[in-house]
Amino acid sequence: MASRVAQDIPDGSYVNLGIGIPELIAKFVPEGREFIYHTENGLLGMGPSPEPGEGEPELINAGKRQVTAIPGASYFHHPDSFVMIRGGHIDLCVLGALQVAQNGDLANWSTGGPDAIPAVGGAMDLVAGVKSIFVVTQHCTKKGAPKLVEACTFPLTGPAVVDRIYTDLAVIDVTPAGFQLVEISPGVTFDYVQERTGAPLLPIASPTA
Amino acid sequence: MASRVAQDIPDGSYVNLGIGIPELIAKFVPEGREFIYHTENGLLGMGPSPEPGEGEPELINAGKRQVTAIPGASYFHHPDSFVMIRGGHIDLCVLGALQVAQNGDLANWSTGGPDAIPAVGGAMDLVAGVKSIFVVTQHCTKKGAPKLVEACTFPLTGPAVVDRIYTDLAVIDVTPAGFQLVEISPGVTFDYVQERTGAPLLPIASPTA
Amino acid sequence: MINKDVASISDAVADIFDGATVMIGGFGEAGSPVELIHALIDQGAKNLTVVNNNTGSGEVGLAALIKAGRVAKMICSYPRSMNSTVFPELYKSGRIELELVPQGTLAERIRAGGAGIPGFYTATSVGTPLEEGKERKTFGGRDYVLELGLTADFALIKAHRADTHGNLIYNKTARNFAPAMATAAKVTIVQTRELVAPGGIDPEVVITPGLFVNRVVTVANPAHESALVAAGVSYP
Amino acid sequence: MINKDVASISDAVADIFDGATVMIGGFGEAGSPVELIHALIDQGAKNLTVVNNNTGSGEVGLAALIKAGRVAKMICSYPRSMNSTVFPELYKSGRIELELVPQGTLAERIRAGGAGIPGFYTATSVGTPLEEGKERKTFGGRDYVLELGLTADFALIKAHRADTHGNLIYNKTARNFAPAMATAAKVTIVQTRELVAPGGIDPEVVITPGLFVNRVVTVANPAHESALVAAGVSYP
């Protein structure tokens, strides 16, 4: 999924990658393109993980893992970092999800359970401010429940914010008409994906239609 | 007047000096004290004027005159400079005045005339944000009209903002009861000052009263 | 690949359109991007709204742009200077509009515009004529007015050093409004004394990170307004 | 004369009072002023409201302060960590209050507090449970919520180098919340790796100007949380 997402990122994009699968995208920059990675804790121009033993506790990413800085990087404080995010200066953010609704509502910070420790981090800022929001997620939960739904039952991270979803089964756009199938994984059928999706899927238009 | 003001500035103060007479105060730092001067165009730690021929067009003060920077100075951009001013981090500002009212209202940016080009600069920010506001001014206008008045007739820079006034005739505090005479210039009488003041002056309390 | 270097100053300003809002860096002459402004005069765009702290000096730079009749409206804090009659004459004859904004409010409105903040409250201007038309709100017993974020189509700014990613540093008090304007404009155009490869500026000292910058053009020996005025230059 | 150097770390935190609001710099372990926090634990102030992005790790630094029962309320964006059960246990048993704030809103609220801005509007949290209790306002057809400036009695932050005027620079991503917190607290207390005379930091690269700083104490070799946690340290 991570390499598939990377194919859709235009050259020269400023990109914020969420924690988890989204972090892997940095390994798949297509030939001839250059992306600049932003991490909201104060670094633009984030590079790959350091070699073992060469990391620094004061050079970390939003997931609190040690990283490096590329030539042309810059450090800044939190208010300035969120000027970038909330002012619409980051082109693309790739996030994980608990649920995505057919209108683009995203829930990815809390199951709302009475025992859960609520923790939001920068997710609400990212979905409110970044130009395009991609979601990368397994199509269903570990128990088999659809994560793409008619309406989110978990607390929202933001309303109508998701542009495109990449799952293990398909690539799906959020459109005014609902979930639009864009691409299907090899060996998977439309019906197979639809059965595992909690809202109607619009089929891929045939090229000659 | 400028040297008299300097006597009242505590050691270690962060000070913003308005254009004109207030600028002169920097020449009169009392022995054993250290003041740090802020100029709102982006320098904390402003030093004296450069030697002739040694100035730089990109190192100027709010009056657009060339200045220098002391060891321990810092440069910053305009929003950060006004964080200092509007966030209450500057201890003292010394400004000129067109009129000061007995409740501390200050008018110093416009006569309100139909032909005047209105120009406010940072004056309204300074009076709204700096902890103490001192005014340095001639007691009367060139035409002999009082500048210390019951109520300002010119457009306000800020309401109830002035703490103390230094004129060629006296030092006067703005108190809840009105203008309180603090000090009178040598050879000047109370009546002489009162005649040239547009609102009642409270006399200096006798030390044994 | 990312390279924001633009070969010519005329290319850098080519797409500034009639009616555009243009933020121009500088406080007095410090930080004024004189060469970019002159290129804009040559380019011909008119009916501009210009955001700058002042209105220029002499008949060069911003004052020359105003004199050429290209500016319909100025948004500024201090439209007076000791050595320019350009703005006052147009203003008194009603040929240019003025939105007067306190300097700190102007700076904060530009920052807010760049930060996605549509409005904020400030004590500045409360109880003065500049409060007119603004919403008032009380916080903790004190009155504040609502001020709106300010954005622009273009920003023209002057840097001391840039890299090809658009990272910038400035020189002394020439920094002033430029970093905020770079965040608040859709297209930020920079003239720089020096252009270096990525890595040529320490990441710890970058003032404007490259994502706020669209174009960088090198002007190795920029003119200072005061020198041009002293030499009696009137542009063009 | 101006000299903000304080000889001992216990002197630096001596006047932090019961019930104080204390901003503590750091994002995860980067920038966490571990030695100042430990001095605060030794000092004994209780019933504190603490502002930090997180809630600490292991049983050192901020987590140790919480474990010692000194914190009545946390204002933070992400009170979870992979290696600390201190906050979750207190929270689930109702012994600590939590005000959850989105990270960018937290940063901007602190900046606003330091800038004299009592409130600002943001799109963040609109349409989510964290919007509850906030005023909504529409600008340009989009909804925003009103967020309030945040100030504190004290800030505890960690610098890389300081001068005796209080000017500061930081190290890499250890900068994070510290510059804003320094502006928003009545008393800002800094631990620095290195203390130099005025002039020892280039005026162009100062991140926190001295007027925001009250006290500087030198901690030449500060501990990193991760190293303490790996060594099994539990403070005190």
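Here the chain labels run A, B, C and D in written order, and each chain numbers its own residues starting at 1.
Here is the rule we go by: contacts are C-beta pairs under 8 Å (C-beta built on N, C-alpha and C of every residue); 3 or more make two chains touch, one makes a residue touch a chain.
Every value quoted in this text rests on a predicted model; they were computed, and no experiment measured them.
Trainee: What chains do subunit B and subunit D have as common neighbours?
Mentor: C
Trainee: Greatest Cα-centroid separation from subunit B: which chain?
Mentor: Measuring from the centre of subunit B, the most distant chain centre belongs to A.
Trainee: Subunit A to subunit D: how many Å between their CA centres?
Mentor: Subunit A and subunit D have C-alpha centres separated by 29 Å.
Trainee: Per the centroid of Cα atoms for each chain, what is the distance between subunit C and subunit D, given in Å?
Mentor: Each chain's C-alpha centroid was found; their separation is 34 Å.
Trainee: If you average the CA atoms of subunit A and of subunit B, how far apart do the two points sit, in angstrom?
Mentor: 54
Trainee: Quick check: what residues of subunit D touch more than one other chain, meaning two or more?
Mentor: 108, 111, 115-117, 122-123, 170, 172, 203-204
Trainee: Using the touch rule from the top of the page, what residues of subunit B touch 2 or more other chains?
Mentor: 43, 69, 75-76, 82, 86, 128-129
Trainee: How is the touch graph of the chains shaped: line, ring, star, complete or other?
Mentor: Here the contact pattern is something else, fitting no line, ring, star or complete shape.
Trainee: Kindly provide every pair of chains that touch.
Mentor: Those chain pairs which touch are A-C, A-D, B-C, B-D, C-D.
Trainee: Which of the residues in subunit D end up touching subunit C in this complex?
Mentor: 108, 112, 115-123, 137, 139-140, 142, 144, 148, 169-170, 172, 203-205
Trainee: Give the list of subunit A residues in touch with subunit C in this complex.
Mentor: 11-12, 14, 32-34, 36, 38, 43-45, 69-76, 80, 82-84, 86-90, 128-129
Trainee: In the complex of these two chains, what residues of subunit A are touching subunit D?
Mentor: 39-43, 56-61, 64, 69, 75-79, 81-82, 85-86, 112, 115, 117-125, 128-129, 155-159
Trainee: For subunit C, which residues are in contact with subunit A within the complex?
Mentor: 1-2, 111, 113-117, 163-165, 167, 183, 197-199, 203-204, 206, 209-212
Trainee: How about subunit C: which of its residues touch subunit B in the complex?
Mentor: 27-31, 53, 77-81, 87-88, 91-92, 98, 100-108, 110-111, 122-130, 170-180, 207, 224-227
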